[in-house]
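For reference, the structure discussed in these notes is given below.
We call the chains A, B, C, D and E, going by the order they appear; numbering starts again at 1 in every chain.
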Amino acid sequence: MKWYNVTDPAGRELDELAAQYHLHPLHVEDCRHRNQSAKIEEGQGYLFTVLKVMRLLPDGSLHAADLDIFFGSNFIITVEEEECPEIRGIIEQVRSGPGLQQRPDQIYYRIIDHVVDAYLPILDHYDDSIDELEDEALNSPAPPTLSRIFETKRALILMRRVLVNTRDVAGHLQRTESPFIAREMWPFLRDVYDHVARNLDMVEMMRDLLSGALDVYLSSVANRTNQVMKVLTILGTVALPALVVSGIYGMNVKGLPGAESPHGLFIALGLMACSTIVLLYVLKRFRWF
Amino acid sequence: MKWYNVTDPAGRELDELAAQYHLHPLHVEDCRHRNQSAKIEEGQGYLFTVLKVMRLLPDGSLHAADLDIFFGSNFIITVEEEECPEIRGIIEQVRSGPGLQQRPDQIYYRIIDHVVDAYLPILDHYDDSIDELEDEALNSPAPPTLSRIFETKRALILMRRVLVNTRDVAGHLQRTESPFIAREMWPFLRDVYDHVARNLDMVEMMRDLLSGALDVYLSSVANRTNQVMKVLTILGTVALPALVVSGIYGMNVKGLPGAESPHGLFIALGLMACSTIVLLYVLKRFRWF
Amino acid sequence: MKWYNVTDPAGRELDELAAQYHLHPLHVEDCRHRNQSAKIEEGQGYLFTVLKVMRLLPDGSLHAADLDIFFGSNFIITVEEEECPEIRGIIEQVRSGPGLQQRPDQIYYRIIDHVVDAYLPILDHYDDSIDELEDEALNSPAPPTLSRIFETKRALILMRRVLVNTRDVAGHLQRTESPFIAREMWPFLRDVYDHVARNLDMVEMMRDLLSGALDVYLSSVANRTNQVMKVLTILGTVALPALVVSGIYGMNVKGLPGAESPHGLFIALGLMACSTIVLLYVLKRFRWF
Amino acid sequence: MKWYNVTDPAGRELDELAAQYHLHPLHVEDCRHRNQSAKIEEGQGYLFTVLKVMRLLPDGSLHAADLDIFFGSNFIITVEEEECPEIRGIIEQVRSGPGLQQRPDQIYYRIIDHVVDAYLPILDHYDDSIDELEDEALNSPAPPTLSRIFETKRALILMRRVLVNTRDVAGHLQRTESPFIAREMWPFLRDVYDHVARNLDMVEMMRDLLSGALDVYLSSVANRTNQVMKVLTILGTVALPALVVSGIYGMNVKGLPGAESPHGLFIALGLMACSTIVLLYVLKRFRWF
Amino acid sequence: MKWYNVTDPAGRELDELAAQYHLHPLHVEDCRHRNQSAKIEEGQGYLFTVLKVMRLLPDGSLHAADLDIFFGSNFIITVEEEECPEIRGIIEQVRSGPGLQQRPDQIYYRIIDHVVDAYLPILDHYDDSIDELEDEALNSPAPPTLSRIFETKRALILMRRVLVNTRDVAGHLQRTESPFIAREMWPFLRDVYDHVARNLDMVEMMRDLLSGALDVYLSSVANRTNQVMKVLTILGTVALPALVVSGIYGMNVKGLPGAESPHGLFIALGLMACSTIVLLYVLKRFRWF
């Protein structure tokens, strides 16, 4: 059994391997164009798989790197499409296991298993984010919350697409009885399928919760505006009668009741208090609050 | 017929049973990792099922505990993955029935039937919640309503996922003619399937109603804001002309009409009343209210 | 041919019939638990059907009562699960026809046909409601409209569930070539299926219109708020300059232009008018309205 | 070949034809009840089709009239369910062609082709409406826009239902190899199917655009409210400090700075200007605008 | 092998080719009516395909031109339905390759490959647009943003429809084992299918992001309104007590506390400050902000 790990997909090594193992030109081309979808295709004498290795970048965004695998009955070729610590790590981990003593299908299973296992911590990260966003949306809705909701949405849309395609890969492995995969591996491949399907379930749940968080944000803002409006209206209800009464008593006219009396101030203040109380009563009575 | 109930999935008992009945390593591993999805898988000489036992925690949130079942033609192994009063209760109830005299498929049916029956009171609890939330959203929309709507949504999303997977388990039991299940049990398994499907129907209806409650909340808040705005505008319509007139009569200028007359106050008040009436008429006329 | 109509599902009559015709215990149990879904199941020597008879209660809500039917080659058993005038009416109508001279499949068709026909006036009632709600949402959006939209939504969700299940019953009748149903009845059963499918179409249309009515409600309220805000702003635009000018002329300071002149009032009023006009011009110019 | 055109579905002519050609009673009944769905059913010796002829009424609403067709190997019966100029026009057009010299399947194709062709101008009408509504929603959102959006939605829901059913009719014609339809007609029937499918595509696109127009309406109104609020707040920011300062200088107290000075007015106006500038600076600084 | 390129679909050249290669009249008609959907149909002795060539017009809108292809075992006919630089470019590119030495299926593949490749830059253009729109919606929501969101939505709806139909074409090519397509071409056609499917994925993602951008817009505007309202309310909270106090001290009444004292101004200002502080405290205390 031979395992070739190609780290420079543009180099000659891949061309030589393609010639040696009769790899289809379209598959070789796929290895040289990044941003392929996860997929599996049958070639003559081998299976070709593209896997997506996900990574959280320091700025919080999500990056997907391509890992391509060709394997037949007695060889396996892995192609690292870019320098990516996650891909490197997975290859090292599988290598450091009982690597070359194993059959290609066993190595293939271990790689795909590692790739899929690496999705879970990323999903957990977003799950925690959504919990926080939900709290923020309810308690202190502000533009940065909105911005983070949108970024998380974008990441989940990308994650979902990767998972759907990976699920199709795992489903295809399960369904077709490929001559390159021993029968004893089937339950393990079914296990990979189950993992991906459960991850996909989780992403759907998170998308649902996230859209709920956005609704909460909007409702929360509307509620706050309503609250602020009420305060303004209550202020107005108290202040406007006082202003009108004091304005009237400030007029340069004759005949203001009590203007000449020493209790003028109390008469005026009394009028203010009365009109405010009447106003509050009327608003209450007609249930305008 | 032997029935083993394993309460410590990490212990040696499970290893010994696995060796004795040739349980697949992946299935044993599933018993030791919580948070599996409900599922059914065929092993060699047995069926492996993961069921989710739901429980309302005192703080109102929903908790799902795993109950694993292996059964073959002459044995049944149940694994309680965590100490959970609900799982314990179900095992006790089935035990206290005509337990060991029965065939494994009969015991299996009785366990799954109890697990599914226990979903109904939880769904009823949420159904009542939604009725209340709807009333609150309509009559007194406030942030706690929003928060509870969101929590209920979260619980329904979880419940739905459990039910979808459980329905798949029941569907698989119905479809495949497993050698471990006697033909007379089929109508009973179909009954379980119908129960789960009806529960799922209920969850879908509740999700629909809940999203309606959120719409009502938002509309209700918008309506209240509108109401409050109207009050403020009416206040302004009445007070502003009065303030302008009293401001004018308060100016230190000459030539104020009636300022010198003993009826000055009434002239000014009359002007206020007139301008307010004209303003109200204009607003009414152009249908600005 | 025998027709048994059981009005007390808890009574002994049903037990005796179950023994006589070998009815499955789960089916007998279904007759004794209300709130079954509409469904059809094949028993040994008979077909078991649960139908939902819908009724508009005086308070405007929708009630579903269960009507169970067992029929074989030479008998029909109908079970009225509760005292419900609609069920009673349907049984009477079918009885008063050429009842017992007919075959069980003909009676069965006539019952199911009556049950389905009775859905239409209920749907028409909701269709009219939605027309009204739409007008109200557009012309006078108020909390009762919101409340009625929600109640109608609830009723349509229930109606939809009943219709989906009834359609499955009718579809099953059409598909399976049951030995208890004569071939000449097939076009009639297809007709029932078409009726239910058309009703379901109608419910989907109504749900769509109802969600539109809610959108209109929200948009309508937003529009009104906007309208009210504009009035308030125009009021402010006119009143504030006047208040500022009159406030300035009301100050106890020296040097107010024209304060000593006999035309002081006109100078001040002129200033008010000018500042208001300038303000309106500026707002217009920068398209702030 | 005989072609009967029945203009009075309630009359005796239809009964006589039903007897002569053994039409199924349920089909004859369908001809006498308006508001059938478009559908195709196989009778003994004939095919029965219900088509919906759409018409824009002068008030802008959409009306659907039923046109029923029975045809067998040597006859065709068309039933005009109501007096409708569109149905009449279609019958006349087909008649004025090489009418009676043709086979029934050719006439049938020409009728269905005309009915389907007549949908296009109606869809174009709504497409133009949506363009206008979109512009209105963006530039001058007002209740009539909302009302027209809703009416268009209602019409598209109806149109969609008619098209879905008509597509099923065309699909059924394509799939079943009816003995009454010559093989050479197949590409033509496929063409009808394609037309209907493309119309349905168009309706889906229009529904999508219409729901977008509603979103735009709501966003546009929210934006305008925001705009109006800003104007009000800017007015307040400028006027309130001026009012407070002039209020202070209007007080009947001693010690007002500069009250006795001949430059009192300028001192006061300067204070007003300063406080307004400070306020604007603070608002700007904390990004409250 | 003959390759005919028809640039005037209305001309006689097409009629002659139709006669020579027995093209079906409906297919020839399709070439003469623009705005066909992308589709593939089997004729006698040839395959007929309609492809949509997309182009971004200078005003930013999206235009679709039809390119029709007939090909059999020894001929290929391409029809440019309108003068379109994109169609022209594609034809030229394929021509300038090893054109006429190739088989019709190879030329056909190269044309469809070019058409599909040309979709990608258009999708990238909209992807960039959505990024910008999202930023605008968050940071400076204004009507032009709304208008551009809607235009992009319209373009994506059109693009999606074209891609769905093109995917069906590619899927049909993959599934049917047409005698006109050599077996070695199959992986290449599968590659075209994959490209279209990935484009469609991208469009779905963009639609999802765009609807998110609209939600952000609405939330952002609501937030800004809330912000503006708060400013207005804080202004009111500070100014109204000051106005009421200064109004009171401006009244022509006796008994104003401190009115006669030389510290009258400070007493009044103190009262203003106190009442504002009390008001702010009360609002804070009852969490009205």
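As a convention for this text, a residue touches a chain if its C-beta (ideal position, glycine included) is under 8 Å from a C-beta of that chain, and two chains touch if they have at least 3 such contacts.
In this text the structure is predicted, and so the values were computed from the model without any measurement.
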So if I look at the partners of subunit A and the partners of subunit E, which chains show up in both lists?
none
Give me the step distance from subunit A to subunit C, shortest route via touching chains only.
2
For the sequence-identical pair subunit B and subunit E, what is the superposition rotation angle on Cα atoms, to the nearest 5 degrees?
145
Centre-to-centre distance between subunit D and subunit B (centres being mean Cα positions), rounded to whole Å
35
Intercentroid distance (Cα basis), subunit B paired with subunit A, Å:
22
What are the residue numbers in subunit D that touch two or more other chains?
218, 222, 225, 229-230, 232, 236, 243, 247, 250-252, 256
Under a traversal of the ring that begins at subunit A and continues to subunit E, how are the chains ordered?
A, E, D, C, B
Contact footprint of subunit A on subunit B as seen in their complex:
24, 26, 37, 39, 41, 141-143, 146-147, 150, 153-154, 157-158, 161, 214, 217-218, 221-222, 224-225, 227-232, 235-236, 238-239, 242-243, 246-247, 249-252, 256, 258-269
Name, in rising order, each residue of subunit B that touches subunit C in their complex.
134, 138-139, 187-188, 190-191, 194, 198, 201, 205, 208-209, 212-213, 215-216, 218-220, 222-223, 225-226, 229-230, 232-233, 236-237, 240-241, 243-244, 247-248, 250-257, 279, 283, 288-289
